[in-house]
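For reference, the structure is listed below as structure tokens.
We call the chains A, B and C, going by the order they appear; numbering starts again at 1 in every chain.
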Amino acid sequence: MTAARARVRSALATLVLAVPCTLLLYGFLAAESEGKVALVLAGATLAAALGWRTGLLGWAVRASGQGGLALGFALSGLALVAAFHEDPFVLLLLARALIALVACLGLHVQLADAGVPNFAGAAFFGVGGYTAAVLGKGALPHAVVLLACGALAAAVGSVLLLPLLRTRGHYAALITIAFGLLFRTFFEVNESLGGPQGLKLGGLEVLGFHFNDDRHVLGLEWSGYAFYALAALALALAALSLVRRLERSWLGLALDAVRLDETAAACFGVEVARWKIGAFTLGNALIGVAGGLSAMMVGFIAPNNFTFQESLVLVSILLLGGLGNLAGLAVATLIVVCLPEKLQPIQEYRYLLFSVLVVLVLVLRPAGLVRRTARRSFGSAAA
Amino acid sequence: MTPAPLLVCADLTRSFGGLVALDGLSVELKQGEILGLIGPNGSGKTTFFNVLTGLYPATRGEVRFGGLTLTGARPQAVYRAGITRTFQRSRLCLELSIFDNLAVGAHQQLDHGLYFNLLRRRALARQADATATAARELLEIFDPPLAARLFEPVAGIAMIGRRRVEICRALISRPKLLLLDEPSAGMTADETAHLMDDLLEVRRRFGDLSIILIEHEMSVIARVTDRCVVLNYGKKLCEGTYAEVSTNTEVRQAYLGLA
Amino acid sequence: MDLLAQYLMNGVMLGLMYALVALGFTLFFGVLNVIQFAHGDVLTAGAFAGLAGYALVVRAGVQASLPQLLTVVLAATLSMAVLGAVLGRTLVLPLKGAPALNVLLATLMGGTALRECIRLFYPGGSQPQRFPALLPSTAWALGRFTLRLDNLLMLAAGMALVLGVSLLLQRTRTGLAIRAVAQDEETARTMGIDFRRVVLFTFALGSALAAFAGVMNGLYYNEVNFGSGLLLGVIGFSAAVVGGLGSLSGAVLGGFLFAGLQTLGAVVMPFASAYKDVFAFGMVILLLAWKPTGLIGEPLGERV
């Protein structure tokens, strides 16, 4: 009886959350003029403020629970893909945002959970892309290639493990910065992987299904990008679930202990180095898979795709979304990836505006936009 | 015939550059004993804890604990051998809940397998429940109101409560030896008395818990310790029951500045 | 032999530029325990400010190269001193006590903003800009090695500047205040030292040094680029780390060491000259892996 009621309540909360979000996103993505985009943004701000003030937002997030949130996310994504089934521009944008979310989740495990800085996110994204470009031409099934993208990014990252474990704070950050710059320069001067022009890729193909082709399904004309958007949605959901489960388990707790006080953690048996290695490796693997899928979708990869600037953007998304807050991370990724594309006049100025925004957040709200909340129990009472 | 001591430290030395913070200290501890460690500030008490728990490698000397040699052991190995500690300045993870902090203390009892944590969510929930029960039991002894606030962040808890949580974190793994670094700092005499009662209560329940206690409050030392070691400039000045130590002229000279 | 001399000259010039940048990093770290990562972009901005100053005096009809040179140097250093103090005031001081990573990210983003401003708003800023040759072009041929007067002059000026900073810190009241703050902020405050003023002065000083390095860089390569500061910043920071952050002599040593390694790489592997930046960054990573807190280690007595 109560279980059934709880389920209804959760479903209701999910609807309360997902329907307005989906509608706003639809409006945002469909808007064709800057004025309309601004209008939708104003609407979103208003809705968020209202939800916040009335407590409806908090209630809906709590009541829908983990399963509900994931379901809402999935349904909302599916609805948007279906709504824009013929619009390659919007679908590409959507897929890019979802792929960026996967990469940010990888960074989140590293930075927000284990406290290992990574200012070379774009470089690991690039490793995934180049892996896809090189292996994708061969006979390997593309699902395996995507896994290899993650594995290779993790393997390349392991080169940095020793220096990262021996250093802390600024010094550790510098190592990743140096690596990011090194990596890009290397691919620019090394002609064997296309040099500055980069490499071309064929599209993703799984079990004979070519993602690049437009096709007729369910009585509708679907752009090829719709399938990429769906693949990205599936990947993002998997990554979200993985990171979420990780954080709400003893694993996440051990990472927290490592991040917050290495010395105390060591005194209670936490193998600090082992956990840092695990987090850094898992994070890079996620970033690498994202990079592989992205390269296959876009069809080419070049050193210009993974500049230091892009690495900074990834870290900043993390900060803006609020460290330790996956929902916030998803929203921040969406805004940062999509907004400049929709507001063409700011496109050229996006790094400038973005950097100023991040500086303002850091100076005015040092704890991040959203304060980190303590983990609630993952015992049976909370399930 | 006396049983073999639980802890034997022989000629333990640690120097930082030219400064010898711990100078040839030899200490033995019997099972179930409460040893007081006293001495002026900078006399090497905390350094001793840090060397013992593997945070600083010893420059010279050795440590044996139970049947194990812990000389040069890493902090993790020291913990697994059954030695836990509190810190002079509270080192809880402030943004984590009380439960999380205690669960860090219970690290070795918890299953950290990938499969278990990511996929066997029900079994994980059961383990979390069991850990929560153990945490509540301990908190009930030291600070019953905190047991009801198990999932609140430590940052929102008063200093006194934090000290008690830190002691619970050190106890939840059922160590054989507990190292307490000035647990009463910042507490009133009353609160300190309570804390000591609670410690004795825990020791009664756990059976064979041994404790080394760094403490400046002499009334506490007098009441709870079986034996005291007095340190000065990293060296052992003297050793004995509180009554013996407190009448020692050298101690009075070093510690109290009395002639 | 001649070629070696050429390499040596080049190495010394690079070393001096790195040392000037590293000095800034080490000064900032000394007084505030922060890494100001916009420093490399301050260098670029300095070079562009010098360039702007040059354009102004040329338009005003000044033909002689000495006043032109003075204008360039003054425009660069003074404007960057102001900018450095402003950055310290708005980006770094408000974040005092925040996690180290926040300061790092804030200054990295501040640097990005600066870089983007140059790219977007300086006329033609997105393209490399020609930097005027303002120094006498006299050169002596010694076999195959040409000793250039302009290089010698830059070297002398840079060395004098390093020496001057060291004298300032050791011999003046301001220097004493900086050293006091570096030793122990609390005590320095109680001794009546105006902490904010010392910090802002240090930021101004360090940034002016970077601006000078930027002008040197422009004069040496006859070109400046909006993105070049990033590389110099990372190398300068690495040099400061290698020498031990907070140590003045360490920074200078680190700068020359780094340039030495780069030059060595070029001598040993001339075929791989395209990889010289890859080599530089690889060295940074290796050095930190080998000596995580720098070659000289944690400076205790010698901090600034």
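Here is the rule we go by: contacts are C-beta pairs under 8 Å (C-beta built on N, C-alpha and C of every residue); 3 or more make two chains touch, one makes a residue touch a chain.
Everything numeric here is computed off the predicted structure, so don't read it as measured data.
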If you take the mean of the Cα atoms for each chain, which one ends up farthest from chain B? C
If I average the Cα coordinates per chain and compare with the overall Cα mean, which chain comes out closest? A
Using Cα averages as centroids, what's the distance between chain A and chain C in whole Å? 36
Would you kindly tell me how far, in whole Å, the mean C-alpha position of chain B lies from that of chain A? 43
Chain centre separation (chain B, chain C; CA means) in Å: 49
By the touch definition above, chain A meets two or more other chains at residues none
So, in the complex, the side of chain A touching chain C is made of residues 111, 117, 119, 160, 162-163, 166-171, 173-175, 177-179, 181-182, 185-186, 189, 308-309, 312, 315-316, 319, 348-349, 351-352, 354-356, 358-359, 362-363, 366
Which part of chain A faces chain B closely enough to touch in the complex? 242, 245-246, 249-251, 253-254, 256-257, 260-261, 263-271, 372, 374-381, 383
What does chain C use to touch chain A in their complex? 35, 90-91, 94-95, 98, 100-102, 104-106, 108-110, 112-113, 116-117, 120, 230-231, 234, 237-238, 241, 274-275, 277-278, 281-282, 284-286, 288-289, 292-293
So in the complex, the part of chain B that touches chain A is made up of which residues? 53-55, 74-76, 78-80, 84-85, 87, 91-97, 99-100, 103-105, 107-108, 110-112, 114, 117-118, 121-122, 124-129, 131-132, 150-153, 169, 173
